[in-house]
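Here chain A shows up in two complexes: once beside chain B, once beside chain C.
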Partner chain A sequence: MAWTQKVLRINLTDGSIKQEPLNMEWARDYLGQRGLATKYLTEEIDPKCDPLGPDNKFIMTTGPLTGTMSSTGGRYSVVTKSPLTGCVACSNSGGFLGAEMKAAGWDMIIFEGKSPQPVYLYLENEKAELLPADEIMGTSVWAADEWIHKKHQDPLIRVATIGRAAEKGNLYAGVINDLHRAAGRSGVGTVMASKNLKAVAIRGTRGVGNIKDPARFMQAVSDGKKVLHDNAVTGQGLPKYGTQVLMNVINEVGAMPTRNMREVQFEGASNISGEAMHEPRESDGKPNLVTNAGCFGCTIACGRISTIDQGHFSVENKPEYWDASGGLEYEAAWALGSDTGIDDLDALTYVQFLCNEDGIDPITYGATLAAAMEMYEMGAIDKETTGGIELRFGNAEALCRVTELTCRGEGFGIDMGLGSRRLCEKYGHPELSMTVKGQEFPAYDPRGVQGMGLGYATSNRGACHLRGYTVASEIMGIPEKTDPLTTDGKPELVKAFQDMTAAVDSSGLCVFTTFAWTLEDIAPQIDAACEGDWSPDKLLEVGERIWNLERDFNIAAGMTAKDDTLPKRLLKDAAKTGPATGRVNDLDQMLPKYYEVRGWTADGVPTSETRKRFGLKALSA
Partner chain B sequence: MLKALQIEPEKCTGCLQCEMACSYRAEGVFNPAKSRIKIFTFHEEGRFVPYTCTQCTEAWCMHACPVEAIVYNEATGSKDVLADKCVGCKVCTIACPFGTVNYDQDSGVVYKCDLCQGDPECSKACPTEAITYVDADHTGLDRMRAHAAKSAGLDAQQH
Partner chain C sequence: MTIHISLKLYASLSDYLPDDVEGNIVRIELDDSATPHQVIDRFRVPRQEAHLVLLNGVYIKPEDRDQSAFNDGDTLAIWPPVAGG
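Right, the complex of A and B next:
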């Protein structure tokens, strides 16, 4: 069965806590995690509601394979309406909290309303309590985590919490679990803060059993592990270099967004790459990287555990940052580094630590800083606004200082917490915000990777690489190579990736497995664990249903086809260097065809036949 | 020839596949809380350290048990708990200097590693070979080899 079939419903307004059965009819249509929680959300909230008001809900959700031995089966997601985009948000995290929640016996926790006092949830198997959080309000993720462990005198509790940025209203604050794993994007931590909910602390000792066909499941698990082990990306590249394996590769293909996406290649890329993290530094002869680390059940182990050079200006006389912690992932290294023109590995690592310590999304943060730097250099923001900081591209000191302010919600950091769209509007240059639907781009310039441009424009949570990673095909040749500079076939490719990813995100598995696994590897694991027939085709159908449901939520929230676009810079200003020289993103050549293959009208609305096919109905618009 | 679990912490990534494999075999659920092998995370140092029973020859737990519920398994060398004999007095948990025999509230008896009767699931599940099942007389062989290479000025990785 794999689902625990139990939902914990917590009304923060009146403090009531109820257990209810999981809606298994929906589970058969939406599998779990992203899909299933989105179904709950669309049924339970008005898509037009204020994302930071009491009518929004905050759902923590696992998948059927979360907490099992399937490799990477430890994921959970936070599903809610995003304050950054106004779209449906689903932010996925690894670490150990998801599996702990499942082992405590819960598929899903739904938080409703708003608590009159600051609280945290303490959940020990069946026992759930809302406890006062006054003492940890205004503290960082790291401090809150330590306080909770001390208070309950249990080192085995897993904690998810928000930091100071979320409490101060930063619109892209994440939920951090296990100190440095993040449900990071779209401001899901800001929603948590709006509910006066500081943390969720879980101890689960029941475990996950209830597997439909245990012998077949164990065989499918070990077959899957072997595929990951034998694959060059998941077996060697990711364990050795983490996602940072991509830094030099993407730079070479001319798809490295640089200095607020004015350029597509960064001269300092190799200094902040996965390879550089292995280089012994001059001061103490130690490399930045201490070890790689796995999330729960993960046999890839892409995680980076790093230290900062103790003599580096960023941490001089700050011994609290001298220990090892979660280091740079590619997305953070790109956004904090190449997009700001900074190639100082220690500074970036320090800033990554700060993003974890206080829970902000380094992608949106880095891109917002890049936009601010561009505005500073053109004179739209002055020193008075920044509090005396020289906000120029390439200034590592400015990066560190502004990050401290942003994480704590002080000074210019309050402006920074708006995200780039609102910040650029505030200072009169909306065209400099590199966003779709208000969310900042990830690390692949769509002029050099055409399919990604279509993926960004149509992503249901705003610009994002994790909604359809066609880079796999366009750059890495997975599952087969397509030309990154052509638009031919990209609508179909983008759709296929989006649907597949929606299914994987609903299973409890990590999307990084799909560098090696196809649905042919994943379906047998789900099918052996869960009631029902879970073929690859069924999973694609579930993925497509989820995609249409998310789209319908966004339409009901007020999005239209006009929002399926890219900033002018990417549509009009051609790439100046690299293989994509002279190219813009040819979105208009792909979008109509995409709507067609999706079964949507020319205005990007699912047709009634399409809705019927997936058992959907139009949400009130 | 008896075999023993050889643990090399520097290879461990903290993924807990071993804990799941262990608990699944012993209890039929994926449940790190019930695993006989435990992974300890030393976050500040960035280290993961697997730890379990070493199967002492003169096992403190076995000698301490008043009802002879812990017995020597000749085939594997492990010291096994006979659950139907154990009275849950927990004396063994006090006697073991390493903390690797523990009491289980749900069943009312103690539990410890029994090497899965000679086919340890943790070592099969481990993706990094941080846990291997090797000749009990030579658990130090790889480390000796590495140091030998180093003392001869060779790159141990390549030999």
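Right, the complex of A and C next:
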């Protein structure tokens, strides 16, 4: 049945560790991973709880296809209440940890309470122990990972850990696994730190069996892999250029958020693009990109492994950064680059390494730095605040220095750890925070991609591209081309992407498969692996149920329709260049219709009929 | 009338740029009656690989690529099927 049907429940307060059966009734309604863990979270915590208090829970969760031979079937997610947004958080990561957790025999690990001392979990199949972590507190992700491998003398252990930023209270710290894969957004690492849980180390040797119909599963998987191979995006574009292939595309269409979203095109975009990562450097003749890399079971392999020019100022006399490591993805390159006005590829790569080394979300970090730069240039903060750093747009040295401080939680880096909303409020300019529900925007300016504006405004975890990636349709023509500058049909398009993505995020598969796969390709794999009848329609129903459940969690946490909005800059200040010149995001033309197609009231609340349709109940008083 | 435009070929299509070009951009001369397909054919880019065709950032549908489209100083940028996120 693909699920292991086992949940590991760990009470960190008293140190008890228990095994319990997976709630299969819920699994049939929520599939796994994002959906199923959100159901557990919703049932077990008060949505109004302090996200950094002991009443919040921290759930690591796999999907039914995690650890199987399905292409990209290595995903796991962290589900908790976010300290950055106050909303439900679900951060999804690749690498190898998820498959290892499944091979150890677990669908889900639920951490509750707070440990009185720093600990890490060592999990080897059924053997689970909380061990002292005093020696690795205050160390980076990379140092903690190395220490755990040496201590247990097993190179095959997979480790997920937090770095120094999380321990210092940075509100957008992630959980890094396999050194440079991240459950990155919404501060899930900060929650882990609040529980005195430094790391989770897993060794699984059981494999993943229990497939409902093995022969049919193998055929469905084989068919799916052929589709990925034969598709130009998943078979050629992503392996060669990674997500960074988008840098020039998005700049060309005038949707590149630049200098804290004051502009929509960046003159230095080509210097930090996927194509630039292939160009030989003048100094040593080597390109930034060493190779691509794949996560567990992935036949796409979009990951970037990069090096920094050893003569670059950022790594001069720092040989620890001279080796190849996880390089720039588009989202990081945009936030660290165009949003700060910096087109120094080596500097951005160094900062990406630091984000991995100490576990911070480069999107929120880059956007927060951009807001700080704007405040610095207007005089709202000065060198006394920054510790003498000239925090101007385009200053690559400032970028590197502030990142070092932020990752270690020192000096001005403590302020930076607040995220842009709290930082801008602290210094009297809340209007300069480019966020929705407290989370920073990803890499598509919604003045140039109208549907994404609606997607950001209604995303259940704050501004996010991975909750409904309408860019695929509006810019790239996947599955079919729509006009990025029109609002017509966008409510329906956004809803369709949101529901489909929620289902994929609950399966154990990577959402990048959907550049080639439809649910017609995914459903047969799930159906052959899992008990039940998993048709494309059933998956869409599950996705819509998850979306409504997340919405109800957020409503109960205190969110209202007033939070479904965008910063005034994007609603009032028109784009000055490119195809979107003269345009703002016309959210008001889309939001009422979106509520209607969702089956929500005009105030954005699921109607009783909608809840009944999905077997939900109101969570709020 | 002769006009000049900038042609940008990205990702795997950069292989179709002349060898002496730096970066992904080449300035070309053409008649103002030229069509996007004529430019695509001139650089031997297989039409089926010219998936995302943008004139000054605006998408040109496949069915419109045989119509005159250019003004002096325009930018035509072309990609194969790409995506990311």
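Please note the rule applied: the second predicted complex is superposed on the first by the 620 of 621 C-alpha atoms of A that agree within 3 Å, B and C clash if a C-alpha of one lies under 4 Å from a C-alpha of the other, contacts with A are read in each partner's own complex, and residues count from 1 in each chain.
Note that a residue touches a chain if its C-beta (ideal position, glycine included) is under 8 Å from a C-beta of that chain, and two chains touch if they have at least 3 such contacts.
These numbers were taken from a predicted model, which means no experiment stands behind them.
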Side-by-side fit of chain B and chain C on chain A, or clash: fit
Partner chain in contact with A:69 - chain B first, chain C second, else both or neither: first
Chain B versus chain C as contact partner of A:558, first or second or both or neither: neither
Which superposed partner A:388 touches (first chain B, second chain C, both, neither): neither
Touched partner set for A:274, first chain B, second chain C, both or neither: second
Chain A as apex of chain B and chain C, Cα-centre angle in degrees (nearest 10): 80
Chain B versus chain C as contact partner of A:290, first or second or both or neither: first
Which superposed partner A:204 touches (first chain B, second chain C, both, neither): first
Partner chain(s) touched by A:298 [first = chain B, second = chain C, both, neither]: first
Partner chain in contact with A:465 - chain B first, chain C second, else both or neither: second
Closest Cα approach, chain C to chain B, once both complexes are overlaid on chain A (Å): 12
Chain B/chain C common contact set on chain A: none
Chain B residues touching chain A - in the complex, by the definition given at the top: 13-17, 20-21, 23-24, 27-34, 43-48, 125, 127-128
Chain A residues touching chain B - in the complex, by the definition given at the top: 67-69, 71, 96, 99, 103, 156, 179, 204-209, 214, 218, 225, 229, 239, 290-299, 301, 303, 305-307, 323-325
Touch list for chain A against partner chain C, complex: 231-233, 236-238, 240-246, 248-249, 252-254, 270, 274-275, 302, 329-331, 465-466, 469, 471-472, 475-478, 481, 483, 511-512, 515, 578-579
Contacting residues of chain C [partner chain A, same complex]: 8, 10-12, 14, 23-24, 49, 51-52, 54, 56-59, 61, 75, 77, 79-85
